[in-house]
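Every chain is named by a letter (A, B, C and D) in the order it is written, and numbering of its residues begins at 1.
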Amino acid sequence: MNARARNLAGLVLVAIIGLAVLFLTPRLADLDTVLELTVYMVMAILALSLALVWGYGGILCFGQSAFFGLGAYTYAIAMFNMGESTLPFLLAIALPAAFAALLGYFIFYGRISDVYLGVITLTVTLILFNSVNSTAGPEFHIGVAKLGGFNGIPGIPSLNFPGDKNATIDLEGMFYLSTAILLATYFGLRLLLASRFGRIIVGIRENERRAELLGYDPRAYKLATFTIGAALAGLAGCLFANWGSFVSPTIFGLAQSAQIIIWVIVGGRGTLIGPIIGCIGIQWLSAFLGANQSTGSGSPWAALLSNAPLVLGAILIAFVLLVPKGLVPTLGDWGQALLRPRVRERIADAAPMPVGEE
Amino acid sequence: MDFVALLAIQILYAIASLALISIGLAIIFGMMRVINLAHGEFLMLGGYAAIVATSHGISIWIAMLVVAPVVVGIIGIIVERTIIRFLYGRIIDTMLATWGLSLFLVGLTTAVFGNTTVGISAPLGSFEIGAYRASAYTLFVIAVAIVVLAGVFSVLRWTRLGLIARGTMQNANMAAALGVKPPRVYAVTFGIGAALSGLAGGVLAPVSGVFPTIGVAYVAKSFITVIGGGAAIVSGTASASALFGTVNQIATFATTPVFGEVALLAAAIVLIRLLPQGISGRFFRRGI
Amino acid sequence: MEAPLLETRDLSMHFGGVKAVRNVNFTLAAGELRCLIGPNGAGKSTFFKMLTGQLQPTHGAVLFRGRDISHAQAHEIARLGIGIKTQVPSVFDGLSVRENIWLSASRIHPRGRARAVVDEMLERIGLAGAAQRLVGQLAHGQRQWVELGIVLATDPQLILLDEPAAGMTHEEVLRTAELVREINRSKALIVVEHDMQFIRMIAKQVTVFNQGGVLVEDNIENIMRNPLVRDIYLGKQAAA
Amino acid sequence: MKVNRREFLHGASMATVAAGMGTFASRARAADMINVAGLHDLSGGLDIYGKPMVDALTLAVEEANTAGGLLGQQIKLINHDTQSSMQLYTQFAQQAALKDKVAVVHGGITSASREVIRPVLDKFKTLYFYNTQYEGGVCDRDQFDTGVTPAQTVEKLVPYAMKKWGKKVYVVAADYNYGQITSQWVKKYVTENGGEVSSIDFFPLDVTNFGPTISKIQAAKPDFVWSALVGGAHISFYRQWAAAGMRTSIPMASTTFAVGNEHIVLSPEECNGMLVCYNYFQDLKNPVNQAFVERFHKRFGADYPNITELAMGTYQGFLLWAAGVKKAGSIDRLKVIEALETGINIDAPSGLVTIDPPTHHCVLDVHIAEVKDKKLNVLEDFAQQKPADTAAVCDLIKNPNDNQQYVIKF
């Protein structure tokens, strides 16, 4: 079974599971489950955005939440001012992308890389956090939308079918939409990575200097990757604002940024399905740990297990020590070890080079 | 005029506290390329160590200057032996592991000490500058920062330990040549870094109080300071703290704390853009 | 006569106080094959780095096909037609051999053509059998070949080879020399090498670097006889 | 081939769904019980406030159950730890309404969390009690706010403090809408009492260095400082204030201090003499309260630091809801709301607490107390304060479909 056949099998499997979740969940699960899954799907899109930028582009962006938050705030503010969701939806994607393009130009054409890039992106989110966090006063508003500072913006109107502001999308609709967009994003990225562009950004990740000496301009390719990632994060932000009809500055916070990175590491860099799994797994875990607290009474063990940060932290540590590559690549290794000795771990689920095709 | 003097002290204090919370991270990151996301929790633990010790009747000075660093130093070594040592050269994995560690420590402290803010009142009382009064403890913090930086510098510069440490970080064989096991050097270095963080946490406890989640307030700022400072541990940390502290305080006085914070962060971005190697990378080549 | 393919004027590179390359005036005609020799630290690699835009000269100029490229970006120079094979093979370790070659071929060719070029090149460097293997898992010699393949696939007019025979078995050295001569039928080359047998096999003109400057420039026989060269270079080798 | 694929697809989808369901199956549901949900932060930055509230709610439910439950049914309390995360507030509010099918949700600490919960519970027609003191102005028939609002406390404390100390006030406040709005009320009452507010400074909740501000305050030389600072980080203000030797020279009043037990965390030298004003103090000398404190200590230990304003708010919130249910003879949302709108009242530890029908807020007693050696000594009582601020903008009897939080202009 060669690489391409395996990839094809993988694609088909993902497609089947994806469609199954998409169409069967609302029929078989109760509304609460559907809503819970909705937010996981939205976050998975966010995870994918970093999977592209970092996992494939090799750009360790510590501030992916900046674009996520910008998307959410853009949608909220535009929505209050316009009422019809088509333009706000597009703005929520375009604005973060534009912001990323500027920031990226500043970074990549300034030849800033690895940990320094991490710090700059982190710093940018913190600036956004601090600024937005201090807009509680009534004087801070854009059009009719009050920024609300720490408390954020509640009661954000939901998306509507393009053109008709009264045909708002209901809760199940949001699930279908989010899941569909997640699937679209996944397969879209698969296409992108199988394209010449995708090959080149992986090449640049592998050996930037060599790519340069072959005549590729790494700055331009990184900038493009960074911008696409930001657009996706913005899209996720828009959907998130819809899901909770709420957005607050914590969306820019350090915790949020680190969380996205963790999803990718846990799931596995250099894969797309990995970060999705990592994201959903960790989200579900923290929700599960928080639910049904045993207070006062109950054994000390119960109390300890209901201590969300403690358990989550322990799991992460155990993870990095035992499954350093991340879930999917490790599973992939095991699987492929059975199939053939050579392992193509680094670009596990990217389709092979388009040679011998057509 | 008095006010200017007061302002000057506030600026010095801001610089000192930045340097204090950063130096431990600077050593751990600068010498072993480990991005320790649990750094904030090391500071937090230092605070708790100092407070618990004081509440058990130990003199506050001993508690802050001895108990806190020793306790956290030991914790640091345990962490290095049980987690970090498996991850050298895997910068990203250490990030994930230490992030997990930070969550774990927050959860643990909450379980042990509960979640309310605890603290000890600052000793030394206050002093007067003309019409104004300020906490004498401020001056103490400044002094501690100076001593710590000078100490780290001289250890690295003149002692065998420092030589071995610097050597090992450049190449492990050198330490072996000097008849020292690299693993031990790593453990000790990490321990010292942790100890200094503990010291900082202890010294700042009376000022800011301590609660399990206080680490978050520290980690980003110290990380930015360290990177802004660049490779040279002492001169880098010192110069970056000086820059950021001054910017932050002046902006705060002139406007609001928020703007002060934003000004600090903006300064960091500009700095890294202009000097991608950090301040020391530009001005103190091959310095300490 | 026509303008030289490559020309440097007083090309110099200083690191702090150290003058790694000083006032080098060097010319290379189209289609020429030139060898650079000289002891380690003579400035050969720094010279290459400046030709390929990896370093910006402190002063002086590099002209390629009559155009000043002293301050051009590395990728711009590559696109103008200078390819380099570095001393330590610089390849895409995480990608397969085929993907490596494809990455460079597809810079100048559309998909379909690129594929043909890749197959061709795989044959030429004798790795068609290992096409699907990760380059990171290949032996040193093989990675040398891969890098050569990458460079050739971008079809540059001038190729810089930094110690192509280093760490090769005698057979591999022979093959490499053969390949270099073959390449030279269509392209100009500058080859940095220590292995005199290898140089004899390929070179007519040789330039000797010493302490960052050009010591002499002559045909191989005279160079071999030149006492100066013996002292600073062959002498060293004999002693070594 | 086709068959195989269909079979496979079938299998795969079932597997997925099974997995999906399995993960959520773990949460129990008891049809024969009345489910009540509590949404509070037991971890993360705000757990300081959450923990006592959860304890109070737990006690209230246990007492109700030992007393035979409600309408002959036992009450099942479901506590969710929202981990100081707005996303989890949304998720758990949804879960409470849809999966736990609760009769009422008690919880939410910051106004932010309330504004996250409120729309969700409105959407799914679930009754919601917000039991924290807050800035006022929420007007929503599906919701009750049992905490005190500025008009009930600030209005009393400002004149008291001005009489005691003087007319020039310097306000330091947390930079979010509670702090913003409270400081506006302070300004209003100070000027109405013929004083002046020399400055209002706002601080994000994570600020810990107050050196510059303390200097600014000294430069302004006010008669006293009004603090509307909130949260663990802001405690350092009082520390640094005392360390600078200011406590003795410039006194301080607050309607946020001690809500997080600051008066116990800080040493007497750091906060003695500060004036505060709340609905509840643990040392209130009335039989109901003394009995309550005894029960509370029996349940959670005599060393329990202090029963906070928020804890009592939660306890009273539950009692009010229970009273509503008894009167309505049903847990049906509308019936309970109507029952509560008859102006139900309870004889609570803090005194008489009555639902104010038009605002769904509470008429209750407030007390001014002085911090003295880690205790709060009550100095003066003000009976039955109305939620005048919210009442100025909200009348749910006239327009029951109103649903928003007003920012009260004056």
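Here is the rule we go by: a residue touches a chain if its C-beta (ideal position, glycine included) is under 8 Å from a C-beta of that chain, and two chains touch if they have at least 3 such contacts.
Owing to the predicted nature of the structure, the values given are computational and were not obtained by experimental measurement.
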- Both-way neighbours, i.e. chains that touch chain C and touch chain B: A
- Pull chain A out of the set; how do the leftover chains group by touch? B, D | C
- Item | Reference chain B; chain at largest CA-centroid distance | C
- Check A-B against A-D and say which one is joined by more contacting C-beta pairs. A-D
- Message: Quick check: how many Å separate the C-alpha centres of chain A and chain B?
- Response: 32
- Query: Counting in whole Å, what is the centre-to-centre distance of chain A and chain D, each centre being its mean C-alpha position?
  - Reply: 34
- Calculate how many whole Å lie between the centre of chain A and the centre of chain C, each centre taken as the average of the chain's C-alpha atoms. 44
- Message: Nearest whole angstrom, what separates the Cα centre of chain C from the Cα centre of chain D?
- Response: 74
- Would you give the residues of chain D that are in contact with at least 2 other chains, written as numbers and ranges? 43, 175, 202, 204
- Query: For chain C, what residues touch not just one other chain but two or more?
  - Reply: none
- Query: What are the residues of chain B that contact at least two other chains?
  - Reply: 106-107, 110, 216, 256, 258, 261
- Pairwise chain contacts under the document criterion: A-B, A-C, A-D, B-D
- Contact set on chain B toward chain D in their complex: 3, 6-7, 10, 13-14, 17, 106-107, 110, 114-122, 125-126, 131-135, 137-138, 206-209, 211, 213-214, 216-217, 249, 252-253, 256-258, 260-261
- Hey, which residues of chain D end up touching chain B in the complex? 43-45, 47-48, 51, 175, 201-204, 206-209, 211-216, 218-219, 232-233, 235-236, 239-240, 242-246, 249, 260-262, 264-267, 269-270, 305
- Message: Quick check on the complex: what are the chain A residues that touch chain C?
- Response: 2-3, 196, 199-200, 202-203, 205-207, 209-218, 342, 344, 346-347, 352-356, 358
- Message: For the complex, give me every residue of chain A touching chain B.
- Response: 60, 106, 110-112, 115-116, 119-120, 122-124, 126-127, 130-131, 133-134, 254-255, 258, 261-262, 265-266, 269, 303-304, 307-317, 319-321, 324
- Task: Using the touch definition up top, name the residues of chain D that touch chain A in the complex.
- Result: 8-9, 12-13, 16-17, 20-21, 23-24, 26-28, 42-43, 54-55, 58, 78-83, 85-88, 90-92, 94-95, 97-99, 110-112, 115-116, 118-119, 175-177, 179-180, 202, 204-205, 299-300, 407
